[in-house]
Amino acid sequence: MSQEATVASNSAPYRDLPPAASVLFEAKARKGMTFAQIAEEMGKDEIWVAAAFYGQAKFTTEDLAKLTSVLGIASSSALEAGLGDHWWPSRGLGPVPPTDPVIYRLYEGVLVYGHAIKAVLHEKFGDGIMSMIDCKITLERKADPKGDRALLTFDGKFLPYAKW
Amino acid sequence: MSQEATVASNSAPYRDLPPAASVLFEAKARKGMTFAQIAEEMGKDEIWVAAAFYGQAKFTTEDLAKLTSVLGIASSSALEAGLGDHWWPSRGLGPVPPTDPVIYRLYEGVLVYGHAIKAVLHEKFGDGIMSMIDCKITLERKADPKGDRALLTFDGKFLPYAKW
Amino acid sequence: MSQEATVASNSAPYRDLPPAASVLFEAKARKGMTFAQIAEEMGKDEIWVAAAFYGQAKFTTEDLAKLTSVLGIASSSALEAGLGDHWWPSRGLGPVPPTDPVIYRLYEGVLVYGHAIKAVLHEKFGDGIMSMIDCKITLERKADPKGDRALLTFDGKFLPYAKW
Amino acid sequence: MSQEATVASNSAPYRDLPPAASVLFEAKARKGMTFAQIAEEMGKDEIWVAAAFYGQAKFTTEDLAKLTSVLGIASSSALEAGLGDHWWPSRGLGPVPPTDPVIYRLYEGVLVYGHAIKAVLHEKFGDGIMSMIDCKITLERKADPKGDRALLTFDGKFLPYAKW
Amino acid sequence: MSQEATVASNSAPYRDLPPAASVLFEAKARKGMTFAQIAEEMGKDEIWVAAAFYGQAKFTTEDLAKLTSVLGIASSSALEAGLGDHWWPSRGLGPVPPTDPVIYRLYEGVLVYGHAIKAVLHEKFGDGIMSMIDCKITLERKADPKGDRALLTFDGKFLPYAKW
Amino acid sequence: MSQEATVASNSAPYRDLPPAASVLFEAKARKGMTFAQIAEEMGKDEIWVAAAFYGQAKFTTEDLAKLTSVLGIASSSALEAGLGDHWWPSRGLGPVPPTDPVIYRLYEGVLVYGHAIKAVLHEKFGDGIMSMIDCKITLERKADPKGDRALLTFDGKFLPYAKW
Amino acid sequence: MSQEATVASNSAPYRDLPPAASVLFEAKARKGMTFAQIAEEMGKDEIWVAAAFYGQAKFTTEDLAKLTSVLGIASSSALEAGLGDHWWPSRGLGPVPPTDPVIYRLYEGVLVYGHAIKAVLHEKFGDGIMSMIDCKITLERKADPKGDRALLTFDGKFLPYAKW
Amino acid sequence: MSQEATVASNSAPYRDLPPAASVLFEAKARKGMTFAQIAEEMGKDEIWVAAAFYGQAKFTTEDLAKLTSVLGIASSSALEAGLGDHWWPSRGLGPVPPTDPVIYRLYEGVLVYGHAIKAVLHEKFGDGIMSMIDCKITLERKADPKGDRALLTFDGKFLPYAKW
Amino acid sequence: MSQEATVASNSAPYRDLPPAASVLFEAKARKGMTFAQIAEEMGKDEIWVAAAFYGQAKFTTEDLAKLTSVLGIASSSALEAGLGDHWWPSRGLGPVPPTDPVIYRLYEGVLVYGHAIKAVLHEKFGDGIMSMIDCKITLERKADPKGDRALLTFDGKFLPYAKW
Amino acid sequence: MSQEATVASNSAPYRDLPPAASVLFEAKARKGMTFAQIAEEMGKDEIWVAAAFYGQAKFTTEDLAKLTSVLGIASSSALEAGLGDHWWPSRGLGPVPPTDPVIYRLYEGVLVYGHAIKAVLHEKFGDGIMSMIDCKITLERKADPKGDRALLTFDGKFLPYAKW
């Protein structure tokens, strides 16, 4: 593994990732590509691609082959060995509660607005939840003269509670 | 306080709310109004109104007067005494980590997708955060033949980190 | 509220339930009915009925009317006021980690066999989860000469992870 | 140890396993066998075999010899040294509360349905517990036109509380 | 309830007990009986009787009738209502980790000697556990010129791990 | 250090032990001796010897010399360097609360029976504690037709609270 | 106690304050005075006065008499009984980590800038701490065309570590 | 990496920093420069520079080039690889709650004075927070005959809560 | 109970004490006596007397009678009922870790100097502990021109570890 | 680094110390000196010297030179590099709450006697704390026919709370 990867891979949150993730982050840095650029090449959304880099989603074999080519990785075998068919994501990353302010703000959204969202969800759908499994997340930049804004959207299927 | 309020106000999360909140929940139940209906009368969004019912946002004196009328509360003085000028929200409600599945799913979104959202935010905006203070949250129901979906949107101002 | 209810309702886990739950537990005790008997009258499974008694599932208005009759409760209005249309379950009950040995054993099952179940689930279904929302749980007594056994079954829908 | 094992063995939950477990996971990946296939060769259930791979159950010397042959491992001595007679499982694996959604859902089942299961268990058996030691766990895939379902069964002996 | 009970029942660990337990503790204090004396009248061991007073074991209806008579309680109906057929122990009492030095010392025994006990148990019995359900606990005072000693004995059934 | 030791010493609870403990566990495995056999050679009880292997008690220089001979260790210098005069046990081993079912059951004994043991101790001895420092712990196997039982005994000095 | 006080005193953080604090908050609300106005009358800083209202600092008997007069409280005896000579602050208020965003931001300052502050403190003063006991805290509003700013200052004595 | 860096980089809080941070700390020690001296060369404040050394703020490419020259680092490529364009701070460092007395005192300030600061902030600005993102922190030494004092100032923008 | 007691007894740490403790604190406040004065009348040390007021030590019947007289309490029966023969201290009081700065400083002493004290204790006494049961604690005020000092002394019996 | 140091430095609490601390502990063991002997050579108290070995206090350059000579260390450069001018203690060592019985007993002293010490401190000094920064700690062995005793003394400056 090159020196750059070593430098990057020992610090949080990288040290909790599958080692093969370092290959991806290193190649992305060397290529100087953003997640948006990689995602466009793969026909995917950037948030999903970033989640998979962080070991929170699963690339298919085709995804790994595509990545090998897009990122100029010499061989896909290390990716296949580490992230391929026999590997499954261990989801949930970082300290709890989160200490990084970007991630903490999302968590604060749960603390402050969670009960309001729950109440309105129940009024609109009844007893059930909004799925975080069948859920698509996007982040857009919206220009605003008073300061640009981030538009973060969760588009999740409603799942009614079973009764039996 | 009427029996209905007593019945409702001792269980979580109501017991952690300012006592005046019981008056609001009781009146809302008696009127049979949804947060959407109340919000429309007030010219506000339903999530914000629900957050304020749960003690997570602050009604103005005008809001309280409007609520008194919309919900058919006999007098606004109890609301004023409990939620008025000298009261400020103590934000953050419920157990950590949350145990209710609706709220836990939002929290799981932070655990699973938090680092991906952070990475893409940095790529789109640079070093900074998405504000949860200057942030507007909405929840829409989107019809879908495979099962309706909930569209939860956070529209927050980007705040760059100060350097000094 | 009668003395029996008072005696029962102050101790764990009853003190964390909506107050109207006391009416149910008290009536059940007075009638001397099991959850199986109540469930049969309601055309439901006993685990689901018990979960609803503990505030972990939601009775419909029809369920509440039926319960009023089955349990010989004088009037359904207290149930309606406390558990009716404007009430939604706050799910998740008891200390974490659980200290009661019956409940701890289930938790121990998660600690000891969780990764094995996850691995086999992935091998049989791919990347996704077994739903605890669209999930039906039953508990049967199975006679066994070496000591009767409990057969606890979770029948949950598999939900594949979205990719976007 | 080969590169594949190194890639796999540093990430959660593998880094908390006995090092000899890496030999097993590596050989399983190289052979491309599922737990179901390995279990069939051993005359065992797949959940139990997976649990033992994760260091949560104990293989006998015969099991280890069988595995050596089934998985095409060069020699059984490393397995014997690491998982043999002088080794005993240290059970309980992964973060508490679990962050991976598959395992969290099982944990949520304990939080939401634990008291209901406890109440019905007591009504059916009296004061005691369902053993997680003399317990057999299986996971089946059940076809369903609305989406296949997972059938997870715990078959545990009831143990009455001693009085003395 | 008399003043004595009120005085005693608000402080730890009494406030976490079923209210009917106060009746027992109050009567025991008024009679001036030790657990050993009560246990002898009931044909039981004092540790088991004390555990049941603390809501950690379950008296039968016969036990409750016997207690009513032994402790001079006016009527068994409050005991029956609170601790009778429809009540089941919620086991696990007090803060974790324990702060009281008597109870902490037992916990310290687990921290310091737990792995040694586990290792010797495995060497003597194989893979399994010592049951805390089918377990009888006794405490004896042993005279010793250098200071009397307490002999605390756990007599628990060994349960081998199931394989399947 | 030989390969066997490496295999064993990286997994819990071994990784939290003084490195010299690996030498002991490795030699014990190579000799195929139980703690009972080692203890007999040393004129000690097996629980105490096991506790010292796990770094929870302190061998004297004579103990280390005896162990070197009994376990066929080439030289006592590594033991002396790591566990000798300048080393003192750092007591308390493993996660809290314990996740291994063998050790958890002991902990459950504290949760469930701790207050009963405390109450009876006070009735038999007055205000004070049972020492876990001047305490001798033994574990016996007792044959029983319904399943053999483990007899775990704590023989600890009573220490009355000072008043001053 | 009047209704206003009841409304205010049951919700966080008021319920953790000495009951006499309610008298102060109620009178302040009735008078419609800010902490700045009260502090000016007392010849103190507003942050210190607010801290004392929240039970985090100690009023003298003279302070209590002055407050009685400034806030138009009928008699100082309740304040004297609850906050007088025999009462001492139990400092530290609210959940840890804090959930309210205003207080969390201060805590985030510790998480993010704590090590930097420590490093610079050591470079400027040597080995020691900045006292939080002999520390004066002020908060000013500073006009700024891009949005007014809060100037929060801690003026604390440096305390060098003793060597002995 | 030189021996000095190795010596310093394994202990808290250095082991949680990006590896490239070691290069900075090592060079700073070799040069014998304080943060104040480095900051002056960079036209920045010492607290901000120290925060960036601890991985809590982000140097620009120009900052890294300047540091390379000021600290006499042979080449900026390791800094660029580890802290450059593709790296973003993971903010929040050290144990929670902090154990070091310097940092704990700041945390104690939050525990003791947090509610007072919040109350005065609301009175001066209304409902909102003091930003920790657009916040400048400085630390001055103030001479005092009774012992020099540290003047720690947070200059943060007030952010009003959105209503929508 | 008088109003003064009510005012004092609802706030921390009083609300966790046995209710009879309120009688003691109220009488002490009414008499205006310090712990030193009460202790002198009882022939005890003030720290021990204060500990017993806080429910952390046990008064004898003679102590309670003496207190009744010294503090001018009307009758000893409430004290006897609440703190007499059938009551035993539940030791350990207040939040963990402590938030009050006075108590936190003692805790900080354990965090910072604990290992040093342990090392020196072992060098002076061998393997064992300093008893906190047979331990006498005193606090003296020592005049010092640079600021008076508190001399806090723990005089505890050394207890060697048993070997068996 | 020699083998002895390696053996000792990987186990708790040594692994959390600055690496240069290993050099000190190794040399102390090789010399066979106690902290008392080292302290006497340095003109310091043994507790302070031990604290500095554990990274909880700061040696001056003169102290390090003296130690190099007293302990027969070949060169002071490693000590200077690791513990010299550019290093500051990160105080607070070991698990919380402590598990080692020696250290736990001190912590138990805080839990049991903390409120009593606080109350007496306030009665003797007023509102303030006993400093743990300007505090000198000593441990003496006191001969006693019933068993020798340890005399642990904290001699700390009283610091009155600022008012402003």
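Letters A, B, C, D, E, F, G, H, I and J mark the chains as written, and numbering starts fresh at 1 in each.
Note that contacts are C-beta pairs under 8 Å (C-beta built on N, C-alpha and C of every residue); 3 or more make two chains touch, one makes a residue touch a chain.
All of these numbers come straight from a predicted model, not from anything done at the bench.
Peer 1: By residue number, over half of the contact pairs should agree; on that basis which option among A-C, H-J or G-J is the same interface as E-I?
Peer 2: H-J
Peer 1: How many angstrom between the C-alpha centroids of chain H and chain E?
Peer 2: From the centre of chain E to the centre of chain H is 54 Å.
Peer 1: How big is the gap, in whole Å, between where the Cα atoms of chain C centre and where those of chain D centre?
Peer 2: 26
Peer 1: Whole-Å distance, chain H centre to chain I centre, using C-alpha means?
Peer 2: Centres of chain H and chain I (C-alpha means) sit 42 Å apart.
Peer 1: Any chance you could list the residues of chain J touching two or more other chains?
Peer 2: Touching at least two other chains: 13, 48, 89, 91-93, 96-101, 104, 108, 111-112, 118-119, 122, 129, 131-133, 135, 137, 159.
Peer 1: Return all touching chain pairs.
Peer 2: A-B, A-C, A-D, A-G, A-H, B-C, B-D, B-G, B-H, C-D, C-E, C-F, D-E, D-F, E-F, E-I, E-J, F-I, F-J, G-H, G-I, G-J, H-I, H-J, I-J
Peer 1: Can you check the complex and tell me which residues of chain D touch chain C?
Peer 2: 13, 34-36, 46-48, 50-51, 53-54, 56, 91-94, 96-98, 100-103, 105-125, 129-132, 135, 137, 139, 141-142, 144, 146-159
Peer 1: Going by the contact rule at the top, pick out the chain C residues touching chain A in the complex.
Peer 2: For this pair, the touching residues of chain C are 44-45, 47-48, 57-58, 88-89, 118-119, 122, 127-129, 131, 133-138, 159-164.
Peer 1: Looking at the complex, which residues from chain H come into contact with chain A?
Peer 2: 16-20, 55, 78, 81-82, 85-87, 89-93, 96, 132-133
Peer 1: Using the touch definition up top, name the residues of chain G that touch chain A in the complex.
Peer 2: Residues 97, 99, 101, 104, 108, 111-112.
Peer 1: Per the contact definition, I'd like the list of chain G residues that touch chain B in the complex.
Peer 2: For this pair, the touching residues of chain G are 3-4, 6-8, 10-13, 25, 28-29, 32, 95, 98-101, 104.
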